[in-house]
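In the two complexes below, subunit A is the common chain; its partner is subunit B in one and subunit C in the other.
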Partner chain A sequence: MKILRWLLTRLAGGLFVLWAVATLVFIGIRLVPGDPVEAIVGGPGSQAGPEAFALARAEYGLDEPLIVQYGLMLANLVRGDLGTSYSLKVPVAEAVSEQLPGTLALALLAWGLAWLLALSVALFTALATGPRLSRVADAAGSGLEIFAAAVPHFWLGSVLVLVFATSLGWLPPVATDSPAGLVLPVATLALPLAGFLGQVMRESLATALASPFALAARARGESETGVVLRHGLRHAALPGISLSGWALGSLISGAVVVEALFARGGLGRTLLSAVTLRDIPLVTGVVLVSALTYVVVMAAADVVERLVDPRLGTTTATRAAQPDLAAGGGRP
Partner chain B sequence: MTAPTPAPLVDVRGLTVSFGGGAPVVSGLDLSVAPGESVALVGESGSGKSVTARALLGLADGGRGGGRARVTADAFRIAGHDLRGRDGRVAAPAGLWRRIRGGDVALVLQDALTSLDPLRPVGREIDDALRLHTRLSPTGRAARVRELLAAVGLSGDGTDTGALRPGALSGGMRQRALIAAGLSGAPKLLIADEPTTALDATVAARILDLLADLRAPADGSPAAGMGQLLISHDLAVVSRVAEKVLVMRAGEVVESGPTAEVLADPQHEYTRMLLAAVPAGKPRGTRLCLPGATGTTAPPPPAARATPPAPAPTPATAAGAAADPALEAAGLVKMFTRRDEAGRAVAFRAVDDVSFSLAAGTTLGIVGESGSGKTTTARMALGLTDPDAGRVDLFGAPFAGDRGDGHPVAEAARRPRRPQLGAVYQDPLSSFDPRMSVGALLADAVSGGRTRRAGAHRRRIGELLDMVGLDAGASARHPRSLSGGQRQRVAIARALAPGPRVLICDEPVSALDVSVQAQILDLLDDLQRDLGLSYLFISHDLAVVRHVSDQLLVMRGGRVVESGETEQVFSDPQEQYTRDLLAASPALRAAAPGD
Partner chain C sequence: MSAPRTSSTGSRAGGRTRAAASSAASNLPAVAAAAVVLFLAAAVAAPGWLAPADPLGIEPAAAFSAPGPGHLLGTDESGRDIYTRIVHGARSSLTIGVAATGVGLGLALLLGVPAGLTAGRRGRRVHPRWVDASISRVLEVLFALPGLLLALVFIAFAGPGVTTTVVAVGLSTAPGYARIIRTQVLRLRDAEMVQAARVLGRSRTRILLGHLLPNALGPVAVLATLGVGQAVVWASALSFLGLGAPPPAPEWGAMLSAGRTYLSVAWWMTVFPGLAIVAVAASATVLGRWMQRRAEGVSA
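For the complex of A and B:
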């Protein structure tokens, strides 16, 4: 009962997001100067005559008033029809489904790597005890994280290519189908995210380890490693889980840069060329698929977060029900 | 002293703890706890009692950032282990400390809410010491966890309490779970740091009974009994359980001996001050601070008599019965919704048909446990929460709720009369804007929110600070840099700023040490007499309410259980609930001086 209601709320919210995204894309792409018909008749600099333009305009419904075009788009979307790409001349659904797996693989690998790096740094600094070592480890960890979080993808990617491909020759400079070809793109995408995640994870891990329940665990004879792994880890992971939706967004926008940089096919590169060509259906399709992924990930993160931290499901209800408990009842 | 004393569990002499090369926070402490003995360490915040407890487990620095705490002793034997190094420093290999912690000595921390990991089921916390200190199999441990839960009274009505996380438990249940987690390693010594402080009186009484039961050895051989070291700021709690008491102040033990002797015939001035500060059994109007007592925080000079600008004080404090009611409530009802186990929203009555009348110049006490609806009642009286039914009259005119024609009193109509009503809360710090100085806070209150420049109302701010026993220099200070008692004085000054005639005090002393509590209660008493104020005084602490109130209202589950003249309710309670509450309230077992 409760789950069904949660699911319906989520579904309605997700549909609203998709509608809003489609509308924004519809408005946004028409604000870009230039004529989308160019894309249909062969891209910028096409030699097609005015008759060809007029024909294409009529065929794709681009001579209708905007409100009619908007209605047509929504009607098509409701039927699940993403339309046909102006530039590729293939159904958008086909183009997107062809490119999606590559980008998803890239994003998921980068996500995993970012978590691995962030948790390692957080655990490493937490386990470095002793007055001097802990301070050094803390400073080093935080410096690395800030640096990683601050560098832009294109710069990081270029430097990685220069070092590991051009100078050392260990890895290919462009994405190939071999696993080695994935290393540099994944690393470029993962490092900035790892910086952000590392900062929040280290912070909440430090808070957890300084809290009374960690002291209570030590007083039960738990070793420091035990305290970190049994008590700290969940607290460290929580903010990372909450940030999953945001992380995915940053990975997809990062993928646009990284795919272009490493000449790797994928949604990002498709989106880049679609925007350049004002290929309205393709842009709409790619953005909608990204938004759908985002909605799904947010819902999944919500479920996982509630599993890890059952307080979330109950807080609001308890607060509303027992105002006395917050204020009354003795010493804090 | 009995002749053949068994080897003590704790034999510590000359314990000294300092941090980062600073002045010692504990110096020259001698402590011994025999098997089966209960020893109490009593002192106020910052007296070094919690640090002492942690130092016994090598956790003076909280167990992290090792090396900053310097712990030395002339003798340091814990449960048969001599942990004193040749240089006098207390040191042991990490492995030995870990065997002692949880295995020989258990530490039950204060504040069970934060001392249990909110993300772990409590059963796992209880299992920790079993996993670390026994060779039981996982199934054996699970069975033992169930036994321990039963031993602390957490196995009722068939629910598996061990699978619940702390958020699903009440304060008393959390404290029980924490005690079970301490017991699971079968320790010879249990150290309990403020085990009852955050709990309601009836719950606290049951926890103290539980601790006493644990000490009584089941097999009848006294030597097998567990030793207990109880740490508390509350002498009344201690007098209930401990055989021996050590009174600590500023890191030093100022007095120690058998509990009965120390309470009946305190030798040190500080002990006498602590005893005098306990409000239990002190008649209304008696001062709780000893004249000329020099505690760590000196009691203020009698509040200087600044002339109140606002209403002429009614000739008060005489028999309140004849006076007109200052604040009157009739049939107050407030509904809230909460979710039941199935997640459905259910309405329940947080406040159910509450009526009271506060006579001008007197104090009406409302006592009740968490969730009894007392704070919601206060919020309705203040016009901050709209009642679902009933009304509140302030000096005979409708103030909140039904204004007489079926419509509620509008905020616009209420606002001009708000200055007549002030409020003081439990935690002053969270009721202050953290960026404002004391002067800015008071200027804001004096001007009704028009200015925060202290300079604009310097004279009035000076008067207010004087009234609450603070010097004018406090105006520039920041609430964070003040002590708990000083903050509560600022909160009272702020409440007095618009010249109110009625103050609503919601747990105003619950977060304070007993000696500071005594000062604040004395201050409120002085202000009432000087300014002719009427108080609605809300507390969970029966002793405090009894000391301050003329009339009393006992609340439970949103309803008024009993009401009447305070002394009459206390001497002849009509309802079973009131009797239970009275029985649970800790009182000094031995007669305090000055009675």
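For the complex of A and C:
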């Protein structure tokens, strides 16, 4: 019963967010100066005559009263109809579902790689023993993380291309369908996220290893490796899980840049061209899909967090959607 | 806490221990970051003093010069000096970053303070709970558009440009700040000093402006330091995508975007402006964490 209630609450919350985003975009576009029809007939400075404007206005239902337009939009939304793209002249749902898998694959691979790297660094620095070695490992780890978290995707991608494609010739400079063509885009997307996750994971792991339960485990004669793996690992993973929403933001923003940089098709590139061309239905579509992904990811993170940390119980506590140090390097 | 492990955890980044705050080694990054900030401050205040040449002055004969004695960091496709352009670009890039953080904090105050004052218990009429409830809902929705998504939506409405970039980046950072300000205000609202001020008969406004806000904004100052680095990165990302500062301007993101075309011919056009951005973001992180550790040391 508790689970059902949790599920319903989540569902209602998710629907509310989607409705609010759709409404926000609907209001936003009518608040700014400029005629949305302009984007349909070919952008600002278009040579289209008044008849073309009137025709486009009728075709996209923009001649109806606002409240009717709003009702139509919501009704269509419920049916999964996101409208027709101004620039592509195809249904938005079609354009989005065509581009979604590529971006999803890219983001998932990058997310996995980021976790792998962050956990490796956290575990490595935790297991480096000896006063000198641990200090060096600490300094190196923290330096790498700060650098990685500060590196903008667009620059990192360019430098990776410069080194691995232009100079060494190991990998293609643009994204291809082969696995080799995925290496650079995925690495570009993963490294900044790994730097950030590494910072919070290492901190959480250090706190856990200095806490009484770790001392108790050591007193029971458990090896240091055992303490780290059996008692510390969960604590290292926790902040990473609770920052999933933030990580998703980093992946989405990163995908826009990475797909442009590596000439790879996908949702990010679709969004960029839609923003540039002011193709509002397409922007709305991509944003709604992203918001939906966010809602799903947050719900999943909630479940996983409870599985990893039984202390949280079954209460639906509100959790961090972003690190408390919102920017790029702090304790959540 | 005599386990051998504790001593080594003490020096870990963000560790709360006194050892971390006082050890000279842990201050080294802060010193380096401070040096970067000083250099940038000089570049913003008097770019001509650090780089006397004209950032827009073209010299076709010297196009694509590699880094060397004549041009420290090389030249671009029109023979413009990269070092000069980076120094002169500091003003626009950093101004955009600082302004965006200001916009974000301003919006966050407007949302966070009323929410914090009205959050939670108490059915008093002066503390209507619906204010917090609706603001929290708004924040929830904004959080569902994470990262640059909100900024991109805003640009789709308002069209590209520098002003749009500032507002867009500010808007993207506002929800995060707002939530922290709300928590801070909520935490301080019933603090002893506020109760004392109330007992002494201070007016509501005076308590808010004189007691609540200054104390709530302390941690926010740390965040803003970290935030400026992030804002510079985001703003230059937008420039890079062709949505921010237009090309001829010596703005770091725009320089990178221009350098992309010549990546295989002139790597310096891409690498050096990017390093400037990384230096800003990394220094902001290091300084922000240093401030945070000091603030914690004082309060502990």
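Just so we're on the same page, the second predicted complex is superposed on the first by the 290 of 332 C-alpha atoms of A that agree within 3 Å, B and C clash if a C-alpha of one lies under 4 Å from a C-alpha of the other, contacts with A are read in each partner's own complex, and residues count from 1 in each chain.
Everything below uses one rule, namely that a contact is a pair of C-beta atoms (placed from the backbone, for glycine too) under 8 Å apart; a residue touches a chain by one contact, two chains touch by 3 or more.
All figures in this text were calculated on a predicted structure; none of them were measured in a lab.
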item	value
Partner chain(s) touched by A:F213 [first = subunit B, second = subunit C, both, neither]	first
Per-residue contact with subunit A, leading partner among subunit C and subunit B	C
Touched partner set for A:S134, first subunit B, second subunit C, both or neither	both
Which superposed partner A:L123 touches (first subunit B, second subunit C, both, neither)	neither
First (subunit B), second (subunit C), both or neither touched by A:R234	first
Contacts of A:E222 with subunit B and subunit C, given as first, second, both or neither	first
Partner chain(s) touched by A:F147 [first = subunit B, second = subunit C, both, neither]	second
First (subunit B), second (subunit C), both or neither touched by A:Y294	second
Subunit B versus subunit C as contact partner of A:V308, first or second or both or neither	first
Residues of subunit A that lie at the interface with subunit B and also at the interface with subunit C	131, 134, 209-210, 214-215, 218, 224, 321-325, 327-331
Subunit A to subunit B touching residues, read off their complex	1-2, 129-131, 134, 209-224, 227, 230-231, 234-235, 238, 308-311, 314, 317-318, 320-325, 327-332
Residue ranges of subunit A touching subunit C (in the complex, touch as defined)	13, 16-17, 20-21, 24-25, 28-29, 31-32, 34, 131, 134-135, 138-139, 142-143, 145-147, 149-155, 158-159, 161-162, 166, 199, 202-203, 206-207, 209-210, 214-215, 218, 224, 245-246, 248-250, 252-254, 256-257, 260-261, 271-272, 274-276, 278-280, 283, 287, 290-291, 294-295, 321-331
In the complex with subunit A, residue positions of subunit B that touch it	54, 57, 59, 62-68, 94, 97-103, 106-107, 109, 111, 114-120, 125, 128-129, 132-133, 165, 167-168, 171, 178, 181-182, 185, 197-200, 336-339, 342-343, 348, 350, 369-376, 379, 425-427, 506-507, 510-511, 538, 540-541
Parts of subunit C lying in touch with subunit A, wherever the complex brings them together	1, 3, 5-9, 11-15, 25, 29, 137, 140-141, 143-149, 152-160, 173, 175-177, 179-180, 222-223, 226-227, 229-231, 233-234, 236-237, 240-243, 253, 256, 259-260, 263-264, 267, 270-271, 274, 277-278, 281-282, 284-286, 288-289, 292
